[in-house]
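What follows is a pair of complexes built around chain A, which joins chain B in one and chain C in the other.
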Partner chain A sequence: MDVAPQTSRLEIPGAGPAIPGSSGAELAHLDFEDERVAALQEQRLAQRRRFIERLQGEGLLLVFGLVFAVMWASSRYFLTVANLLTAASVVSILGIMAVLETLIVIVGEIDISIGSVMAATSVMIGLLVTSGVDVWLAAVIGLAFAGAVGAVNGIITVYFKINSLVTTLGTYSIFLGIAYVVSNTMTVNIGGEGFGKLGSGTILSVPVPVFFFVAIWATVFFVARFTVLGRHIYATGDSYEAALRAGIQADRLRVGLFVAIGLSAGVAGILVTSELGSAAPQIGDPYLLSVVTAVILGGASLRGGRGTMFGTLVAVAILGVLQNGFALLQFSSFLENTVIGCLLIFAVLTDRLVRRAER
Partner chain B sequence: MDGIESEQVVAADAQASGGGGAGSRTPLLELRKMSKQFGPVQALSEIDLKVYPGEVTAVVGDNGAGKSVTLKTISGIHPPDGGEILWQGKPVHIRTPKDASALGIETVYQDLALCGNLDVVQNMFLGRERTRNHLLDENSMESAAAATLSSLSVTTLRSVRQSVASLSGGQRQAVAVAKAVMWNSKLVIMDEPTAALGVAQTAMVLELTRRLASRGLGVIFVSHNFNDVFEVADQIAVLYLGRLVASLPAKGLDRQVVVDYVTSGASSRNGSQLAHADGA
Partner chain C sequence: MFNQGKRSTVRFGKVAAPLVLTAGIVAFGTGAGATTVAGHRAAPAKAVATDLTHPTKALCKLKAYKIGYDVFSDSQPFAVQLSNGLKAAAKSVGCATIVETVDNMNGTTAIANIHTLFNEGINGFVDFQVLQAFQPAISKLLKGQKIPAVTVVGATLPGFPQVGLDPFNTEKAGATYMAQQEKKRFPGQIPYFVGGAEPASGAAVLARYKGAVAGIKSVFPGIPASHIIEVNTNGVDTTAYTNTLSALSAVPKSAVVMVQAVNDEDTGGMYKAVVARGFTKYLAEGYGGDSYGLNQVCLYPTHYVGDYDLNPAGWGPVLLSLVMMEMNGQKVPAVTNITGTEVTRTNPIAACKK
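Up next, the complex of A and B:
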């Protein structure tokens, strides 16, 4: 905190490089040169940006087509309605969380605790049900708990100014630990006719989780694109300072988004618990990496301000096909981890290239 | 937001006037003994400043003199912890940027407060979006933004739907200024608006600044560049280590006098125009 800096940045007229000429003619000439150079640069930048945008938009669709074609060629069960619906049902769980994770990433944060929030929600429902609570009430309580964990993540991150990667890594570990200890790593069976329908039922032969995913995706797409709230999320992610100066309640906004993603993890936990008919602490394990991978692959930038619901949708579809294909071909689920890891690195590198091209 | 405090307006008025024919008019904004402290750092001590409508008041001073802090107290980012602010003659409290904009004070920040990922229209309406049935009313915002830009004769933009990241420094400054005047503002505050600009773009921004004053707005203009300051300013106020050491009409003023005040807080050169020089 220097009160009186020694160096002066004053530009005293007459000393140092003076502004060349101040006659009208000379200014006009400079004006012309300046504008011409600026226009050229701008044009080049615009070209590059358009190329990158196509790479991100059409390129992603191309990857999807490729993965789809490979799977089609590899397994004759792949391209059947029943299989595709199963794949959609499975990937919907990931998709529900990826949608909210996209918003979190756009606003400039990240939440990697979702897998353990899912698990903790499931275990909590199991505990409540074994102690005689109605399964639906238990689900509601589980959902509230998931939202509360989101609020904790948000408050620690926003008001104590802790990097959200660290905050959510912490809560990830805390709640996963609790889930395992409390459940004693045991799986608890959960009966209830109606409750099971949530995860494994179908409407018009389409699995119920798909409806959850589509409804959540469509809602968030709409909010992000057409509402003031969406605009403010993008603005805050690009420049927190600018958002504050524009009068946006950027802190409240970020905490709200953490609550929302907590709730989405709760919904995912409920759906999986319902589908399995049991509560188990392991159910969140696959989602730590895959959700973030889907979001980054979809073009959202970890530096905030960028990302689209459409990109996330395509990325979720890519992961869905991959997961399904791996199951059909009976590849090891460990190999799936490897592939998802590769995709994550690939996605982050692409983002890096995009950013470089924009400078 | 208005604190009703019956201060004796006359006393303070008599003490600090005398410069530049601004005698009888009511200042748009007046700071009286405004102070601000950050922990151990006394960033501002008892600043007295008057800003008149239709004039450009330049605030100059060395690095760390307190220029940005002064502006931030006026715009509600760092509310002052001592002294008072008068708006059109009445004492007011400005605690948040919202309070400031409710009065008609808009700020163009040194580090531009624009979002690169949003386009020109979206930036100009950021935080004050127009809606229709709860949805963003893009058409009405676009035409209002375009109208404001053209009323300021900002013609270098290719499209108002261009993202701000793709604009040149001068274009961004123009957007920031247009954003500031769009809200029927009465006072526009500009913190080093020409700092990162080339010659032609600087000329454009200076012209824009004069245009605001000729529309009857009050303008506070902070710059390190004396060419710029003398080109646009009607009044020049000098800050030195958090104190206001001089407030002088720009017309006919010897630059060297200003340089003296900026570098040492005092001037021995013919001090006839001195309006204010406390203690130093």
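Up next, the complex of A and C:
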């Protein structure tokens, strides 16, 4: 959220000159000069901030365009409807979690347990199905479990005042460990034709996971942009103390967001289990850092209070194009990591510049 | 320092095992030649005392065998099954105890674990540490304490006998079988081979991928380069799925697609990607022989031509036999190669329901 720098001066009507020995007219002239200089300075800072923000926002689009063009030029298979839909399908799982992670980051927290929540959800579904529970019921139970993990993360972070990085690092280890122990590290097959369609089916040639992503992204975009709840999220992330003074139920809000991201990891776990047709404790591994990467790349600030759904959408698209293009061209995955690392540093540096411009 | 022969090979597999084992036994006796060993799925050979795959109480010459065991992971499926096999074998022998440590692929931790195991009074050691750079230091420590040891490769332990598979030729065998099946089912069609690789996992795993490509080329010598597609799986089925999904954009829908990766889970992910992209002519070949891979052969009998079974649980008894023999002062081969078996749905190992 953009917050204007606080530069107004406190003036007390009827108060005399603050500097002994100076006349009122002289002081009034000095005050006027000061204000003019301050206003000019503020204007310059605002221009600089807007420029950097444009660099951040439009720069991201530029990067997307550049990556897209390079892949287009490099592979004749890239710019086909089937391939682009495939790329969209691949990043949808990442996108579902990135959208909710963006809200968590805007509110000034972080959740790095999502990979293990995904894995634990998948393993739970596997266990339930192998013990005879209907796969859909197993999925619902798995989703409820994921939401409960989110609630645990939220309660520990908010009411016990533990840094969310530490909390979710702890729960990441706990639930990943449980997933491995309970599954005995084995991958189990999950049957069910209908359930399989959830992750790998299509509607009008569009992969089903894309619909999940679009629906969740649009909902969160609307909430963040046009509702009171969205404003409260930005306000809490910008200044927790000020949000409390303004009457915002910041603690409940943060716990609620942790539950929401837990649920999003649960949905992702269900979709991956469905598309692979199997449950395994390793399934969350590729998402451990890529979700946070997408959020930061999208311009959300780890200090809270700043970030947009559009930025996250573009960042997810960039990661999707990179993944798809590198797989198509059979480029080294190490090179892909290098490119993503460079983009991440670019995103963090521009955020730092915006912060500096605000001071 | 330790009595070692030159090379032995151990084969897993129901039919071939007893014959090959006999060859192995001869090799021990002469201290030369090669040995092939088969795992617990094979029937016990007659010469029980020297059957590496079925160690017995006859190996118990000392009062106690406290054997340290450092493993790179307690979650990676192959390592878990191997560890379970080792512990089960020790239990069945009765006189051996396994003291396990896990280094989580951290060489410094592995070295610290060795010191801990020394403090616990081990008199034998089984090494399943996979970072080659740290093996010389571990070797030096073991030699300093005069502890007999055997290593699982991955990474060789200088001066100590090793047990391992031939990554290139085992994967080549599986890929060759799949390519032959393709030739039978789709005569005249040059297939696309999508191979799962893990470039970050080092030379031994890379050799598996290269073996697979060599297997395909042995059946289709003129296959165009564009028909061989390398997909990075990072050893995770999710990544195998997503990267294969993308890579398949370069393959015409009417083509025959064959997939094989360096482990069962990755192959499973790749197989699902082929299905999701709507191909109608496709084959898959698993590699590893864990329960998931074998189950795939039963679940998808028309497309999963087989699973190359390395039977990791069967490696444990071989390791135990070797280290106990060393501790007894017996001669052991410097290299024991384990080969696998192509398991199709008609093979009893797959245990497909009829």
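Everything below uses one rule, namely that the second predicted complex is superposed on the first by the 319 of 359 C-alpha atoms of A that agree within 3 Å, B and C clash if a C-alpha of one lies under 4 Å from a C-alpha of the other, contacts with A are read in each partner's own complex, and residues count from 1 in each chain.
As a working rule, a contact is a pair of C-beta atoms (placed from the backbone, for glycine too) under 8 Å apart; a residue touches a chain by one contact, two chains touch by 3 or more.
The shown structure was predicted, so the numbers you read here are calculated from the model rather than taken from an experiment.
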Practice task
Have a look at where A:280 lands relative to chain B and chain C in the superposition and call it first, second, both or neither.
Solution key: second
Exercise for the section: Please work out whether A:77 is in contact with chain B alone, chain C alone, both, or neither, and reply first, second, both or neither. Expected result: second
Handout entry: Touching partner for A:231 - first (chain B), second (chain C), both, neither
Key = first
Exercise for the section: In the overlay, answer first, second, both or neither for which of chain B and chain C A:131 touches. Expected result: neither
Practice task
Would you sort A:305 into first (chain B), second (chain C), both or neither based on which partner it touches?
Solution key: first
Exercise for the section: Kindly classify A:246 by the partners it touches after superposition: chain B alone (first), chain C alone (second), both, or neither? Expected result: first
Problem - Sites on chain A touched by chain C in the complex - result: 75, 77-78, 80, 82-83, 86-87, 89-90, 180, 184-189, 200, 272, 275-278, 280-287, 323-324, 327-328, 330, 332-334
Fill in the blank from the handout: Counting only contacts in the complex, chain C reaches chain A at residues 75-77, 80, 199-200, 229-232, 234, 236-239, 241-250, 264-265, 268-269, 272, 275-277, 290-292, 295-296, 299
Exercise for the section: Enumerate the contact residues on chain B facing chain A in the complex. Expected result: 38-42, 62-64, 77, 96-98, 101, 107, 109, 111-118, 122, 126-129, 131, 134-136, 156, 158, 165-166, 168, 198-201, 203, 224-227, 241-242, 255, 259, 262-263
Completion exercise
Note: in the complex, chain A contacts chain B through residues 1-5, 7-13, 19-20, 27, 30-31, 33-35, 38, 42, 45-46, 49, 226-228, 231-232, 234-235, 237-239, 241-248, 305-306, 358
